[in-house]
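Structures given as structure tokens follow.
In the two complexes that follow, chain A is the common piece, with chain B as its partner first and chain C second.
Right after this comes the complex of A and B.
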């Protein structure tokens, strides 16, 4: 065995690994959405899961984005067949409850699923504090250019999309975004 | 609560780890202390690994078929509406399942290697088995760690999203991935023998090269078939009418194919002449590294591609593994290069080994070109933070001269003898094929090809095909004279007498078909797009298409919208085509199903681009491409050649040697046959 040569060969691996490890940190799918900063597409969708007091809305009630001017809207797309949605569910429900009484509205929008499955899922997951609406034929999801579920949009009091999170949304990130949106709205 | 499927599958994966570890320890103990019983333990671990991986894979198939959504992988890719066939093949449709399938195939190869070779003396096979177990260990760690497909999902979902629509749209999805895995994973075996040869100190003799060559031949056959099947799938499903896009993952499958092809040729030089020994070690190690690199690129989410799976931390595991593999590979190649100095020398520039050398040079240059093009965006982003994409034009421009050169060499190599060719031999062997070159070049011009490379490809294919054909015809003629055999018998006996050599020539013919198909279809493609109402017609390549109907249909897992078009010849309808668009429940983008009418001379390819919801009109893209089916046919011929060349020979059975002796003084050498 010629160890000197072997050592040189092994050393040559370092730059390759360096490039790969740098590459790992960059997500090739992270394409900036054109939506943030633009007006949020309007929607009017019927509630199928009422949520819990104090955030409750009756089943069949229509949630209109136009009616929510002046409030920060957190629009979360989810489905019962989506495993990643389970990861963010408890966090979302807790955060929503924490903002009860503040000018913040949470809306869940069911994506490519039946309200029956959705209702059962919510029950099995231990309930959802905010109401969920059904989005037949995924019209609203298409308007929002949904990449997949879960995906969460943050809409300002002026009705503009501020941010979006693809994949499970961590509670602290949701709180941070909402807080920053609330301060910018309250300051004149 | 874990289901039986989950319990069995997860249990088998967990149990495999200690067995694999035991096997890895047992081999050095057996070798260093000369303990036969420890070797049995090592081999036993190889068999146990296969049994446990089979149990895990079958548990997963059972979970998929029974819609056991308590198993995380099933909840991720299953759905009650998916047809059974696509449910079963979704085993390899997403990340975790594909890793499980990989580990299963690898364990199968490990078992086969041991079963077929354990009677061989020396420490080559024990160390090869150990190397394969080390690779298995990595995949098993993935399977109990970041890629565990058997996580318990609670509460159990009612239904799942179903597999990626692109993967449940065509029967080739049942063919392409398994073939690819068989080819890809199979390249681990020659690597294992290379490591085994170095560890056991047997790298200097040619024994490991012979075994590796047989295994490379098998894996190469699978990989060739997989690449062609992948091209075909892309053609039949994606709706763009093409078959190769230099997508990073396509490249990833092509890279090891190039080095494996180089090895299949250069191994002959080592066996015959004792040359290129370090180079061959490089090729075997390089091929394996490239398969792992390809897997890393697809599984780590490091590059964006149609094939890439979404991932979590698994990329870092792969990064660690690829580092280990690169270091190991570098150390064994560089460390043992002193001992492997060449025994032979090139006698003459006009010899077969020179052509093989050139062939290796071009194949390696090809590989490096594709590698650079594939990795460049990654390097650019890592070093300068800019997004760059390297597209078809780069690859086409760089690869065309190399492809032309390789085609030419395919004509020269078979014609030249080993060691040195006399002037008379050169003249009698290299000049007649020129006629073939002229004929095909003329054919290309008549067909309307103006692209210089297209004409060059035709000419070189004509040259090489004639040269390869003459190898058969001259050999058969000699047999006919010597034995009074009929032409077919003489042909068959000739091939039987040296399957490795003539199998190789058959594979060459496959490549010629593929080359012609690609040259014609890429240079003479015609394309039309039209929006038609019922009864309206469009023209393409001398054919008339009439839109007969636009229709819709509900299927359990999707909605289908289709258009029926009649192909008209005058007033006579000669056929119908039905391009469709499929709308899946969990996917916004519709997935097209183009419809293709294949003829010997070309394909009429229709894709439904858009339609009015009321069914009043439809937009159709029609593409006519000549000779596309030749690519698929050529792929079949390549695989057939690999089978002829690589099929294990019964030991000691030799057909009486009748060597074609066309040109004295030196009879063309006949390669000895090696039993697998």
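Right after this comes the complex of A and C.
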């Protein structure tokens, strides 16, 4: 056996195998966001879907992130044409209802869609406990580095982005993140 | 006589008024058109350097996706507000990371993306040069003498 040739072949093949094995575990469509840990981009968006009591906001009311300082904010980007948004809708709406009365605000933000379609979709899905706002020209979505829906951002009481979930957000994960943020907020 | 004078006056006024009117129209529209096309050209130049988050393989200039169109409109608005192309690109990098740039900035780890192709070309060239030299070199006299049947 020619050990020199075997060594050269190993030196060429092993790095390629290593790179491919790592690459197979990475979702090439998932873009690492630079936003977690940074201040959340401000927004002021008009409500088109009011939500349900006790979380409802009047249609046309402006939801401003600046007004929500001191509260944990769960900002969920969704669209009526998004199939994955259907998977997380019931869970999100239930979790939001469960945190009523606590310093947590859920906001849905419509992405690349019309308020008419959004309203119809909410009705088809059996309602939404929290209000949804319209994001014309997707300016807020771009400000949050969005590349698809659904995406959910968790904003601390101090106005920083704590976490981001790409794809349907599982209810238990949402509760876990909110609870940890509430603990951080309440601790001195 | 009066009619002739009137016709002359009208003709003269048309002669002078028309170019003035044309000039007026030109001064009203030309700068705006030039400005618009200049802004469009700057928008296209910046948009061609930014990756579409939906298509990923295309720039937001080439991508037909709605998000790319929204991003292009944002590029145009930021340039119109007086931001430089570098500031606009920095904004998108701050939101999406360096991934958003179709050509990574040549510093740090990114330098590998520029260095590896050059090294591979140089290495390949050296390999080919050595191989060709071996193939084309004439056999040594000793080898000829040993293989030569007597």
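By our rule, the second predicted complex is superposed on the first by the 158 of 188 C-alpha atoms of A that agree within 3 Å, B and C clash if a C-alpha of one lies under 4 Å from a C-alpha of the other, contacts with A are read in each partner's own complex, and residues count from 1 in each chain.
To be clear about the criterion, contacts are C-beta pairs under 8 Å (C-beta built on N, C-alpha and C of every residue); 3 or more make two chains touch, one makes a residue touch a chain.
All values derive from a computational prediction rather than experimental measurement.
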Please work out whether A:124 is in contact with chain B alone, chain C alone, both, or neither, and reply first, second, both or neither.
-> first
Counting touched residues of chain A, say whether chain B or chain C comes out ahead.
-> B
Would you check which partner chain A:34 touches, where first means chain B only, second means chain C only, and both and neither mean what they say?
-> second
Thinking of the overlay built on chain A, is A:59 touched by chain B (first), by chain C (second), by both, or by neither?
-> neither
So, does A:44 touch the first partner chain B, the second partner chain C, both, or neither?
-> neither
Examine A:142 and indicate which partner it touches, taking first as chain B and second as chain C; both and neither are also allowed.
-> both
If you stack the two complexes on chain A, which partner ends up touching A:81: first (chain B), second (chain C), both, or neither?
-> first
On chain A, positions contacted by chain B and by chain C | 28-29, 112, 138, 141-142, 146
Using the touch rule from the top, collect the residues of chain C that touch chain A in their complex.
-> 53-54, 56, 66-67, 70-71, 73-74, 93-97, 99
Which chain B residues qualify as touching chain A in the complex?
-> 72, 75-76, 79, 153, 155, 157-161, 296, 300-304, 308, 310, 315-316, 319, 322-323, 326-327, 330-338, 375, 378-379, 381-383, 585-586, 588
Please name which positions on chain A make contact with chain B in the complex.
-> 1-3, 5-6, 8-10, 12-13, 16-24, 26-29, 79-83, 112, 117, 120-121, 124-125, 138, 141-142, 146
In the complex, chain A residues that touch chain C | 28-29, 31-35, 112, 137-139, 141-148
